[in-house]
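One chain, chain A, appears in both complexes that follow, with chain B as partner in the first and chain C in the second.
So, the complex of A and B:
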């Protein structure tokens, strides 16, 4: 194997590839980057068993003299390329067991891993992928993954449920105390699908989507989900099991609706959560809609003190007075996902789940379960 | 050394081998197996062979893996992403280890095909990890196979045992161990001596490579020769070599066993059970010695040797005990020879 190309092109590709490199897996073969060199392109494949990235480099600067397949130790390779000077780098395999890199005044040899140890990963492409604006994809990730469960007692809840039905694609995440849902329209009728993607995989995908390309193609099958983004194929394993049926959890009728300014509501709740007897992560605040149309956010902990915040709804609230308690963290997490400056908080009762929605965020529903106090 | 085929495995474990091979051929594998039996009965090798068979895409008609495809070669190196081998060097199996497996099996497999996890020393489960494992067994995933390897099946949870198919591995036949060692190029004498000593095939292989073991066998023969020639007392002969042998308890035990076996050979020769001889290369020597001692004497001596063997584990003065034993031994032959000469 022998080829040369621009150092920058290689580095930029490697920076994406390394997102799927694992450093803690017990399997040393997954700490490598597999390079497949063909006369026309160089393909980099990495996998940490949860996500796999296949990236093809087809650059004008690429000159291939002979093809081949190798597995290079990922971390060392990336670090070396990152620090190399010189615009062009020449890579060649010496004695079948080491990779020689010549760039500028440097001449570096790196021992290779056994390429046969690398798993056989296939990246199956569908004939008719789902086409989505990459900004929308990013929004889906931003608005759902935070609500996945962090504890792995129920592994299925660590993932985001993606459902395709007719012309709708719905992404749902829940940790059984809150639920976050985003629904978008997709251009064509697709085959119905119901899969669960690990939340962490989506977070990684979000980081790759910085490239500012317009579209992303989604290839879904029953075992894996594959995102095609320019020259990058990003594949994630799916979680096995059935995601809980959530459609019935979301109330349809809301007798009480209050409209808030998002920023002011968020900072009030933030302040109220300061004096909470429990750790900040699970601090409980109370919301009280008074008869005079003023909302009070309170928290009280006998040993520390108490906070009372007044928030004025933007319009006269619809419905009866209500007192409800909930986790301030869950509430502010949910608020952060909205682009709208004005949000509606909709209640059905004091011990029933409530919902946050915004005008500028069509298809987004954030649902939170209240906490029972006294 | 990895097993190549089910036929090869059947030499070691006839019933288990046939059973597994049949289950694969009729596609009736259980999702959970317990391989139970003493150490060195090819339990781990069998588990890997089963894994290889499940993963190999080019099996022959008798369910044997091809051994050369990408799947097979990676199973041999234990780098296959669908194979999980949990090994614990005499430590408890922690619940985190089982949880990791759980998380892994909560996702679709990396490569298409079945997934197999092998847990060695399954008797080292603690209460928590065993219960987590049990939870996965109650709802086994599709195409996931579990093999627990243990020496003490009774220390596993009853509920785990009842959900698994149990395969008993028997101690490997000594003829099989002997022929294995001979095939690897070790001398017939050494192979047969070691195969008499242990049924643990892995230990046997380690032993034949240990120079002290080789020396012990050699010393037994040398001492037998000097018993016959009577140039020098065997007590003195032993004294020159004993520091190496008595320095290590395992070697001491082996040496004593060899001594016993040699005496047993003499007895067997006397009663003409020639095919039972262990020191087959020394038949002539054994023959001569057997004429010099009476059957009753041999029995008495064997009794003393077995007595010493059981006392070895106590805190006795081993050197002294051996001297006493060897003196007895020597006197036994003196007696035999003198009595035979007096009869002339």
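So, the complex of A and C:
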């Protein structure tokens, strides 16, 4: 095996491939990057317990002298390529057990892993994948995965539920204290789908969706889901089990609606959280819509002190005065996902879930359960 | 107590004061900031086991309604002031046990600590302090403290030895594997001095020396050293014991001298360290000056692989070929302290300490002990 290409092209590909590398694994081959070199392309394959990535390099700078298949220790390989100087790099296998890299004034040989240890991975493509604008896919990920559960006692809640029905795709995440939902319209005649994708897999996918490609194709299979994005195939396992039915959790009538400037509301809640008593590791603050249309955000800790923040709604609030308490972290996590500078906080009652919405974020609902106090 | 001032002025002062706050201490009062408000100034005092800081705020924005003395929980106070909006802040003591802060739309009350618990601290000033340009003091710190020992089995080596003799001030740090020395000329007739200052204290002092004041005044006392810098008094304890006599460690004759571009040398050593075997947690690389005036930096690990880097000296090297092995970390730590783009590496022999010097860094010697291999 012997080929050369632009160092930067190789590096940028590796920075994507490494997202599926295992750092800690009893299986050393999962710390490896499989390289398949053919006369026309170099394929990089990586895999861990959640995701597998297959990436094809077909760059003008690529010159293949001879083909081959090797398994390279991933972390060392990426570190070396990252630090190399020299625009071009030549790679060749020496003595069947070592990858020699020559670039600039560097001559580096890296011992190889046994390529036969690497599992055979299938990346099955369907004939009729679902097509989504990659910017919308990135938004779906950004606006839902943060609300998945971090604890594993209900594994299904560590994932994001994605459903396709008719012309609607709905993504839902909940840790049972809050819920994030994003709904988009898709072309007709897509096959129905109802899967739960690990939140961590989607986070990694979101980090890859930085290039400016228009579309991402979604291929659904029995036990896995495969995202096709340019020259990248990104496959994730699915979570087993039934995602809870959440549609009835979201109130449909909101007698109280307050319109806020998002940044001002967020910084008031942030300050109020500084001196709040801690309940189950999250800081509880209270929101109080007064008769004079001023909103007070308050916290009070007998040991530390107390905070009163005044926030002025952007318009006369709709509905009665209300007092409600909630986790400042959940609230500000949700606020951060909005593109809108102005948001609506909509209440049903003092002990009922409330939602946040924004004009520039169609289809997005962030729901938070209040906390009972006193 | 009741006063008001610019929020930013208070914040910038607190960011300095907090460097002497204890985070973890069995004495809660050491997590406090003592504020002394008089008609003309606000004084902030903080102290931990190593350092004490006394800072005076005499800003045009300061308006004192009534004087007083309080002890504020440091971390909470800094966090609140950092996050406040509003150009001006009003502070007043309420019910003798709470500090009320009003700024912008925020109204925050922070419970106070008992000011009587805070120790009486003395910040004694001498009549004839040593004067040093603050940029030079910053350089002394930057070029020596990194070489102090991080382990406590020889406590004296966790400090930097500072000596004043005649017209010379010398700062020396060593962890017994490397040594950093910076010598500067000072005005005549300064009192002699030979003290060891904890490296951590100097690191904190270095972070404060960002303002553009010309001079720092050094006041030496029996058990402590006090740096006077504008409106800041920064006092550190001294380490007990005798600092080792290091002058004979530094070779005076160098039969082999190689001139390098600093960045190129550093990046070659960095790459070579990627695949080096680890000895006592530091990566060992070899430097080989060949007969053809090319320098090879190499590493070789049977498990991982090997690296050969070629580096071209900037001039014909002086002296014989040499092969020498050393810690890549120690070498690059030392290189980073140079302002010079070109450095001289000067050798006495293959198992003798070697030094690095640079034209733009007069008075600086970085010495490294080689490692025996094979």
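Just so we're on the same page, the second predicted complex is superposed on the first by the 367 of 374 C-alpha atoms of A that agree within 3 Å, B and C clash if a C-alpha of one lies under 4 Å from a C-alpha of the other, contacts with A are read in each partner's own complex, and residues count from 1 in each chain.
Quick note on the criterion: contacts are C-beta pairs under 8 Å (C-beta built on N, C-alpha and C of every residue); 3 or more make two chains touch, one makes a residue touch a chain.
Bear in mind that the values here come from a model prediction, so they are computed numbers and not experimental data.
Undergrad: Answer with first, second, both or neither: which of chain B and chain C does A:38 touch in the superposed model?
TA: neither
Undergrad: Which chain, chain B or chain C, ends up touching more residues of chain A in the combined arrangement?
TA: C
Undergrad: Could you look at A:304 and tell me whether it touches chain B, chain C, both or neither (first, second, both, neither)?
TA: Only chain C is touched by A:304; chain B is not.
Undergrad: Counting only touches as set out at the top, which of chain B and chain C does A:111 meet: first, second, both, neither?
TA: Second partner only.
Undergrad: In the superposed arrangement, which partner chain does A:152 touch: chain B (first), chain C (second), both, or neither?
TA: first
Undergrad: Of the two partner chains, chain B (first) and chain C (second), which one does A:23 touch, if any: first, second, both, or neither?
TA: Neither: A:23 stays clear of chain B and chain C.
Undergrad: Return first, second, both or neither, reflecting whether A:47 touches chain B, chain C, both chains, or no partner chain.
TA: Only chain B is touched by A:47; chain C is not.
Undergrad: Considering only touches as defined above, state whether A:198 meets chain B (first), chain C (second), both or neither.
TA: The first partner, chain B, only.
Undergrad: Name the contact category of A:240: first (chain B only), second (chain C only), both, or neither.
TA: first
Undergrad: Under the contact rule defined above, give the chain A residues that sit at the interface with chain B and also at the interface with chain C.
TA: Overlap of chain B and chain C footprints on chain A: empty.
Undergrad: Which bits of chain C are touching chain A when the two form their complex?
TA: Residues of chain C touching chain A: 73, 76, 79-80, 83-85, 98, 105-111, 267-268, 270-271, 274-275, 303-312.
Undergrad: Which of the residues in chain B end up touching chain A in this complex?
TA: Residues 70, 73-74, 77, 79-81, 99, 102-112, 141 of chain B touch chain A in their complex.
Undergrad: Which residues of chain A touch chain B in the complex?
TA: Those residues of chain A that touch chain B are 27, 29-30, 47, 49-50, 52, 116-117, 119-122, 152, 155-156, 198, 223-224, 237-241.
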